[in-house]
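Going by the order they are written in, the chains are A, B, C and D; count residues from 1 in each one.
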Amino acid sequence: MRSVLDANTVREWGERYSNWGRWGDDDERGTLNFITSGRIMNACSIPRTGRVVSCALPFDEHGPQSGVGGRYNPIHTMLADGGDALAGAQDHFAGGFRFAEDAISMPLQCGTQWDALAHIYYDGLMYNGRDIRLVTSRGAKANSIDRLKADVVGRGVLLDLPRMRGCKWLDDGTAIMPEELDACAEAVGVTIESGDILLVRTGMMTRCLEQKTWRGYCAGPAPGLSLYCARWLYEREIAAVATDTWGVEVRPNETVDCFQPLQMVCIRNTGITFGAIFQLDDLAAACAEDGNYSFLFTAPPLPITGAVGSPINPLAIK
Amino acid sequence: MRSVLDANTVREWGERYSNWGRWGDDDERGTLNFITSGRIMNACSIPRTGRVVSCALPFDEHGPQSGVGGRYNPIHTMLADGGDALAGAQDHFAGGFRFAEDAISMPLQCGTQWDALAHIYYDGLMYNGRDIRLVTSRGAKANSIDRLKADVVGRGVLLDLPRMRGCKWLDDGTAIMPEELDACAEAVGVTIESGDILLVRTGMMTRCLEQKTWRGYCAGPAPGLSLYCARWLYEREIAAVATDTWGVEVRPNETVDCFQPLQMVCIRNTGITFGAIFQLDDLAAACAEDGNYSFLFTAPPLPITGAVGSPINPLAIK
Amino acid sequence: MRSVLDANTVREWGERYSNWGRWGDDDERGTLNFITSGRIMNACSIPRTGRVVSCALPFDEHGPQSGVGGRYNPIHTMLADGGDALAGAQDHFAGGFRFAEDAISMPLQCGTQWDALAHIYYDGLMYNGRDIRLVTSRGAKANSIDRLKADVVGRGVLLDLPRMRGCKWLDDGTAIMPEELDACAEAVGVTIESGDILLVRTGMMTRCLEQKTWRGYCAGPAPGLSLYCARWLYEREIAAVATDTWGVEVRPNETVDCFQPLQMVCIRNTGITFGAIFQLDDLAAACAEDGNYSFLFTAPPLPITGAVGSPINPLAIK
Amino acid sequence: MRSVLDANTVREWGERYSNWGRWGDDDERGTLNFITSGRIMNACSIPRTGRVVSCALPFDEHGPQSGVGGRYNPIHTMLADGGDALAGAQDHFAGGFRFAEDAISMPLQCGTQWDALAHIYYDGLMYNGRDIRLVTSRGAKANSIDRLKADVVGRGVLLDLPRMRGCKWLDDGTAIMPEELDACAEAVGVTIESGDILLVRTGMMTRCLEQKTWRGYCAGPAPGLSLYCARWLYEREIAAVATDTWGVEVRPNETVDCFQPLQMVCIRNTGITFGAIFQLDDLAAACAEDGNYSFLFTAPPLPITGAVGSPINPLAIK
């Protein structure tokens, strides 16, 4: 390990662990390309019980957002409801037909989400060498989330670090090293393979839910992947990685002079789709119960044209 | 067949094809209960190629909404973008870290969607005998879409009626009869089973996309399921049904004195989750190509607390 | 004074201080009818300096809302901006024309506001005997804010209670009695007249701004008008009344068995338009400076069709 | 008059009719500075009848927006309503207290509006030489609408061109020349003065409302001020100018190689606040009735922090 991690490390590793051009100059899917149809077939053969577990946190006003970066929790409003029926406002619908409808307003990054490859960039370029001028008020013209509309289906693997360590949750500031990811996989008899979708549980959300406060969850100190995982993610050919935290990587960042360095390297250079705010407690319980930490995993984004992220409801089929 | 279909028919059939109490008084999942873990295991064994096809229409300002019922197309706005980086508005992020974020405002019924069982009701009650007073401005306290957060995973079956009939699309006003659903399934060698998720393609969306106009798509005349399908859906134990139209059933309605009678019976009494505005063209092409009209199908809603519907990205895994 | 104020008092006083029918059965303007054209002419003759003072709190994310009642602070987003120009996203506009545009999402009650007469009701009826069934998800069909589109222009009077009492702000829970309103007016040489628009400063907002926290501002304990002011407001023929607090009246409420009793009587029965979250510090300073506590006052709501309130920018012209 | 108007004209006239620095380098109010307190006092002495006329178009889904530039009509939703009361959703409020609340989502440029001086720019600079980098996704840091929170109060003058010409409305493409503005003012006995707020009625909105279609209203051909008015507006020291059209100036533009040249010169260089989508029919009728085309005019924007425009309810007090 290096004595110092800094912005130079980010640029150097960014170049070293780059997948630019690997799948052609037009590619906008990044490491999701590792999920070949063969791997999807393999993933379909994993389920043993037919049990389905959701990894989504409910989308509502009690979500984790507290205003950091202008993000807010979902605002759900009714456009028609049972009260309207009682008030006679739907009496013009013949035969007693009555109905409810609703609407939502939310940042696409407010809850359980995938980040598009247009989400993070530096030095004027994003994944596959595309200019950030492509991302304006009218949306992203490249690397947007809609490019992944038939994606994020494959083998999922849960790495449950608190269970591995025998604690309820990792402390804030805990950097998860590649060796620990390997050890955790090995401990539950899983071999990480090319194209795997990795779910890393830190227990941070467990703590927030148990203590009934999201204080510090967004942008505060948090356990998470070390910048050293950049190489590991690249070499293992991980297709996507998600955690139960706000930003996947450890905070405070290991680089004093660089904000969110792992995202800089992995999203921009390696082209890995990052997921955040995953609710992994139910899945952890299910895996502990049946001893099986790999599963068929489906988590397609909503194809919102030009978006740089999407709320999702990721499912593990065990 | 009856000589007249009317509001009385709706009440009578509603009672006859009711599943209230079938899965307990607390049930909020309706016919999704037919999808047992065994059926999910069977569905996982269907894929032959590992090909994934999305059934979602892009979510953007070019969607089908034109203001009917206060519905509008998604409004996508950027909260941070590449232009901000150019303008120096992100210079306070150390190490050159730059990013884009965004938000959406949309009716939950504006695009590819599932309706919750709280979406349609009559005579003061919704599915499983619940009072419509439970659905107010603060959302639905029962039968809401979040109850289905680990649901809508199973065997999907596409019934491609235009292909069956040898036309590009069914004419507006075409009522699809149960016999035709059977014939269509038989023609492609599929036997409808309990717990199947049924996708019925009418070609209406194909026409709108080809003619580049959504005029009439929302609430206008449309091909769709006949009210006679209520019995068929009930007896075949269909778990969920979706079409490429605005409202699943034929329009103008077969009941002069009743608006959307099939929804009244199926959603409220039978407890079937309805899907609308599915983009089934890509799936139809894929099925025609490989001759396989059944597939593993996953289409979980976003668990928006208290919502009566959800935008979705339904995937067929073939 | 009564020994006990309760829900019975509210009904009794509601009947006693009612203006239902006073301006005809069709009236939707309530006590704003007291502002005759003659009074407007008089008000125009008040200004001595031509100085204009705004009573609006800035509309932004730093507003007082904290989620109480589902209210949130304004969400301001850019639809086009200078960054777009830098990124070349506006290059299709000829001749170098570049522009910025934006949007807002906000509860109409989130900041400086007028409440419509459709805002508060009890026993199934609102102002002028209208059924609350007229207020549904599609808006208010009567007593809505748009009915006041050419209204709230007249003589304004500031009653600056902290200045009168020689303190920075009134303590939470302080009930302001009618006698104090009279004394305060008299002290600054103003005679309250029919059709006056009354601005009552408690200093609560001053405290929040000085202490840099809105904690408790919304729905918490607060200084405000006593229920005993109901008679006074009615008899003095006040056209509209506003304060620098969340809800005009004292909190905790003087009626244990009744929430916001003054609003119940005044808005529903007397038909007085209430204003809240007014920023009265600048105006208080201006009045203290020139010794003139009456002024020409204009504060028309935005005519949002069917709305039950409106954000406003009230101006005092001195 | 020149033989050709083009982008060069815009730059040249922009320099010639510039007010940059006129009120100091910090100025963000532009020509509103012409409205001195003395002029406000004069304006207050104008009213003869105490009649108030609103110049706002209702803010609702029937507004003029059709999607041009991503603009949409206001979306008004209820957060609480009478139906909730009927459904018992407000039963936890003691004493029978019941209420309605609502929210709005709208582009700030969707209806009757003022444009901030940060709305239009070219060559990287906006009014008073400020860099467009100040206008990003987080709003405008200078020349924003909130800077005008105690502004736009003064003498208003209506120039009713259709009445002057004896027609119902001006044809699309009609360029209004400075001479006609003078003639129109003279015809009704008004002398244009420094600091006047000018309302120019073209009748285009009258036509749209009468023909019940907004087709072409936004960004289509329209009557409006000629680019030749730039000098006139500058020399007459007009404080603000508004019309009943989408964009104040004539369309198609008189400059083939330049979009909205009058806005480029007047907003960026002269620093004039432009208003659009004013409903001037009621005011025109009132002025015709009493023969008085000047009035006390108040139209403050909502002080939305960092916004580049604001919906308004402009009032003429006659």
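Definition applied: a residue touches a chain if its C-beta (ideal position, glycine included) is under 8 Å from a C-beta of that chain, and two chains touch if they have at least 3 such contacts.
Everything numeric here is computed off the predicted structure, so don't read it as measured data.
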Classification of the chain B:chain C interface as same or different, half of numbers criterion: same
Cα superposition of chain C on its sequence copy chain D - rotation in ° rounded to nearest 5: 180
Inter-centroid spacing, chain D versus chain C (mean Cα positions, whole Å): 26
CA centroid of chain A to CA centroid of chain C, Å: 45
Multi-partner residues of chain A (each touching 2 or more other chains): 70, 75, 77-87, 89, 103, 105, 132-138
Complex contacts: residues of chain C adjacent to chain D: 6-7, 10, 36-41, 44-45, 47-54, 56-60, 62, 69-71, 74, 76-83, 85-86, 93-109, 118-124, 131-140, 146, 149-151, 153, 255-261, 263-264, 296, 298, 300-309, 311-313, 315, 317
Of all residues in chain B, those that touch chain D in their complex: 61, 67, 70, 72, 75, 78-81, 83-84, 86-89, 105, 132-138
